[in-house]
Amino acid sequence: MNSMTTTAPDARTAMRPATAATPVLRVEGLEVTYYTDLGRAKALDNVSFTLNSGEKMGVVGESGSGKSTMALAMMRMIKPPGRVEAGKVWVGDTELVSLNTEDMRKARLGKIAYIPQGAMNSLNPVIRIGAQMVDALKSHDVKGSSAELRDRCFAALHSVDLDPGVFRMYAHELSGGMKQRVCIAIGILLKPQVIICDEPTSALDVVTQRQVMETIDRVQDEINAAVILIGHDMGLMAQFVDKVAVMYAGRLVEVATVREMFTDPKHPYSRALIASLPNLENKGVFQGIPGLAPSLLRLPSGCAFHPRCPHGNQDPQRSVRPEEVTLAGGRKVTCHLYDAEGVKNG
Amino acid sequence: MRPRLLIKRLLFLVLVIWAASTIVFFIPRLSSRNALRERFAELARTGGFSSTDMEKIIASMQKQFGLDQPLLQQYWQYLNNLVHLDFGVSLYKYPATVTELIAQALPWSISLLLVTTILSFVIGNLLGAIAAWPRSPRWMRGIATPFVLLTGVPPVIMGVLLLFFIGFRLKLLPLGGSYSVGLIPDWSWPFFLDLMAHQILPALALIFGSVGGWVLSMRGMGITIQGEDYVNFAEHKGLTPGRIFRDYYLRNTLLPQVTGLALALGTVVTSAIIVEGLFALPGIGSLINVAIRANDFPTIYGIVIFITIAVAVLMAILEFVYPLIDPRVKNE
Amino acid sequence: MANLLELRNVSKVYQRGLISSHATVALRDFSLTLNEEEPTILTVAGESGSGKTTLAMLLLGFITPTVGEIVYRGKNISGLTGRDRMAYRREVQAVFQDPFAVFNPFYTVDHLLSVPIRRFKLASSRSEARSKMEESLSAVGLRPEDVLGRFPHQLSGGQRQRINVARALLLKPRLLIADEPVSMVDASLRATILETLRNLQRDYGVSIIYITHDLTTAYHISKSIVVLYRGGVMEAGDVDKVIKNPQHPYTQLLVDSIPWPNLEQRWGQQPIQARSGQAIGEGCPFLPRCPHAMDICKTRPPLFQIEPKHAAACFLYDKQPQIAAEKLSEQLPA
Amino acid sequence: MTTVAMSPQQAIEQPNGLVLLLRYLRRNKGLAVGLAIFLALVLFTVIGSFTVDLKHAYPLSVGLKKPPSWQYPFGTDFFGRDLLAAMVVGLWQTAVIGILAGGLGTLIGVILGFIAAYFGGFADATIRTVCQILTPIPVLLIQVVIASSLDKRDVTIFTMAFIVVLLAWMGPTLVIRSQVLTMKERQFVSVAKLSGVSDFGIIFKEILPNLLPFIAAAFVSQVFLAVFAAFYLAVLGLGPLREPLLGNIIWAATGQGAFFNGWWWWPIEPSIGMILILGSLALINMGLDELANPRVRRTE
């Protein structure tokens, strides 16, 4: 039926050299609470996962599910009224949450880089692009003459296939796609071990989007970093990431490889999400998810998804908060349906 | 700046000056008062002048001043003089023309006006920037409120208070005048120091009057800029706080403030008029002060137009300079 | 019965600034006919700057065409006044993209529904107006008591976009312009809103023009599609034929760049050339980025009929029969 | 195309207006202080006008140069005015000038601003150019020219207010115009058009309500400028000489060298009065600015 390309599905992952599976990123029990005027909202609730170098993990979920909060918490950029309550974030052998402000500042871009969503105005409008790259290098005590620093920037621009001439240009002279690629170039200047992309292409056209995603893919191979892609476009996840984490109401409800997630989703919310996606096969079939995302200020009792879940109106779901369990093959899910089946994570 | 824009800018400048001079020309003509008659009436009251043949003198004076010609004719003549920077003759200091008076008074005022405008610009903006910057210490952030109260203190009141407490009670600084009596003005260092001593209090009065405005506008601008994505991304890039403050925050907040500089000069000049009068400084301020008291209309109008020209020219210059400091504007 | 709406060779040119002669052509020689008997869902697809939003503004009468005319029931819309104008307003409505911007922050969300009811006199009494509002809200899956009386900032983006769609349901126009109705809404809610729009067409005979850059949802909801690039029609026809068997090089690049949500459909075979900035003259707008560029492409390619209900404006198919721009609608299945 | 990262849906009932206002004031101390001072002044004037014989505010009504005492809580001046009565009348007159000139200036500004922004084209071009031409002209000096050409005898508070408003309307016109221009492009105006609302309906029902904070801020700053200008003219001796305007009292005091003759209370009291009026107006203006500009408000 599909006259589209027919390369083997997992062609990409098979080609990757089998690096020792030492997790370059370990997040343990991360918790964030916002003390708003209207009450306390637990935006992130005991989130844990690991990521190996060279691996790509997608984080999906509805708005308000805590995706961006997780990224900000890992970068320790949560501003009042929010506060990181607990948890550890290990990048290689450094633990970020306990670092002092100066070391954490150096760790940003040095060990863990963040590519912003609004690339449109993430670049300083009144100084040249080059100056915004060199000051990042200098802030991380990178020694060298201005020529050396400039060459280093040229290399970064080249790896995101931007003409070195961009070094002397201003932000308003670049297109949306070019601005996003400059942000990526800045992100890889110090060859960080982890790169977090917070919906990097949501403001771009579909053709430019593919261009930017290919750039991130190539850049990741060059510096062998782990990449976290935060987004809501499941199609993008299918095409780009190795494993997918689904978040709901501040909790990680399922983590699985992209093949497992798309062919055999376990958690009812993941299943509904996959089913609702417009696809070549199911033209004219509309399967929305009933109800609305819960308010973090007044979470439903028991499992937060129970009001919208087909299995939701029974007992454990309504009253008891499910714990995360590990299923066969390392998949993780947080749902009472699998309490018996999985191994409790303690 | 493309030539087309240059011409447009100069044309605008001429228009502003024309508007000011037209307003200043017509308004007094509308009112019932006759400047000359009042001037002589006042002279007659102070004795040494018989009022009988006053009407004849006034008539001859009016003819000599061309006041008896039709209004439009006068207006045309008036504009013609204006083009040659001739503001007519001062009634109060009769033989001297207004232009000469201004030329004499200007050097005294220039130093006071420029220094106070620049100082209040720098201090005001720096304090405003710090007040809005989240990282600055707690008490610094509350600095805006007292300064806002300061904008409520007109320079003349500040002048009176300073004059009384510092000048009169504590005798720290001279009470007025531009330099101590008995000193001969020359380019020597002691004279310069003495001159400066006399300028401190008036300058303070003027600075206090205008610095609050800068604090307020900068604080609003600072809060808006610091919410921008590029400041956020700068933090994500792990830049040192100093660099973020200087290159990302200050640079973007200062630009719009510069455009307000020319207008600020206009306001400082108007305050200087009273302060110079209060401290008996021989600048433009006291010149117009005396002219008002003496109903010397040509001088008043001459100075008003002169100040408008100065402000308008300065605005034009700033307009040219601005694209050099803000790259976004260059390729307009 | 005159057609509901006709666009006859409509072009829109924006003159940038008085001085500079540089004019950008937002929409070039676009013709379309919609009649009331065959309500349809037509997708107008394209990247930003393709002219799709300009077309929406033209249809809504917010801007006037530089060339050509838009005719509503036989009368040119720019000349409509009084009762005719209100009738046009009543029958041509829109759903906008940004759920934040559509609500006037000063009023509660009811304002968005109560104003049209009052202005178009859809209800004789307050209670009838209230019941009409509640009926349309529940039709989009919202409980009226959760929403009515609330201020926009108190509701989530999803709720607000549903009220936006409820407004269209309430008015039951003859033509609904949906300008990116689901692009700012979560995936889970997207299907519900698209289904409501589809039902609007199927059950109430409302023609819908679905304006988007997202071909996956376009394929899912519409019957016919027109692909725009820099103001020109590149390809048009039955949505199944155009998406599954794109002919114009630009459409091929567009379809190939769609991240389909299943692992069998890999993307990324078509090489991308950076989008050049300089203004193209008369020739095919895609010339600077086209892998099959030929000399003849410097002149304007007309529409060629590739198969029934499927046409593309590209000289690769110059052996196929030519179609005049005015006949575009014949390619679009009802 | 970005997902709507909205704050979670607030299911709880929003606290009513008064609580919100108090909470906003607690966070925005400047506005609170400003309002407090302003109310105090209003009280002083209202109570004063009942308890004090206002005729004493004029020359030769009481003993000369008496320091503050039980009989004359604010003391008397060189011309035999009871300064307490003078302050009450002076504050009242300053308020009249301020509100009259400020109100008129804002009204003109709103009308011209709306006409220029909403109907655009030729009207917009002329209004905008006129405003831009008049901006560099130092307003106070022109007011000096006007005042000095009027006959001293027929200068009353109302002529003062008129002089002040003559050149004060450009500011609000440009501010309101730019606000209406941005508001006009907003999508809820397009939706209103689609709902059959007429041009006037859009101006008064859709755009105007959202501009109230800006108009309020413009009004307060106009009152501030008007009071400042009236005071400025009075201090130059161009005000209504007989009226006990605060500016006049200070002009008379400095003229007689009150400080040097030991009558310290004579210039101090009107100065404090003027500082309180202008200071409170400036604080209220700052508070309203923040209300009008949500981003500025967010960080308190």
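Odds and ends about this structure:
As written, the chains take the letters A, B, C and D, and residue 1 is the first residue of each chain.
The working rule: a residue touches a chain if its C-beta (ideal position, glycine included) is under 8 Å from a C-beta of that chain, and two chains touch if they have at least 3 such contacts.
Just so we're clear, the structure is a prediction, and the values are computed from it rather than from any experiment.
Closest chain to the protein centre (all Cα atoms averaged), using per-chain Cα means: D. The interface holding more C-beta pairs in contact, when A-B is weighed against A-C, is A-C. Taking each chain's centre as the average of its CA atoms, chain B and chain C sit 57 Å apart.
We define each chain's centre as the mean of its Cα atoms; on that basis chain A and chain C are separated by 32 Å. Distance from the chain A centre to the chain D centre is 52 Å, each centre being the mean of its Cα atoms. Contact with two or more other chains is made by residues 62-64, 118, 232, 292-293 of chain A. Contacts with at least two other chains are made by residues 156-159, 186, 213 of chain C.
Those residues of chain D whose C-beta lies close enough to touch chain C in the complex are 1-4, 6, 8-10, 14, 186-188, 190-197, 206, 209-210.
Across the complex, chain B meets chain D through its residues 12, 15-16, 19-20, 23-24, 27-28, 30-33, 132, 134, 142, 144-145, 148-149, 151-154, 156-157, 160-161, 163-164, 168, 212, 216, 220, 223-224, 226-227, 262-263, 266-267, 269-270, 273-274, 278, 288-289, 292-293, 295, 297, 300-301, 303-304, 307-308, 311-312, 315. Considering their complex, residues 47-48, 141, 156-159, 186-195, 198, 213-217, 219-220, 240, 243-245, 253-254, 256-269, 272, 275, 277 of chain C touch chain A.
Contacts from chain D toward chain B in the complex involve residues 29-30, 33, 132-138, 140-142, 144-146, 148-151, 228, 231-232, 235-238, 250, 254, 259-260, 264, 267, 271, 274-283, 286, 289-290, 293, 295-296, 298-299. Here chain A touches chain B in the complex through residues 75, 77, 105-110, 113-114, 116, 118, 120-128, 131, 135-136, 138-140, 170, 172, 183, 186, going by the rule given at the top.
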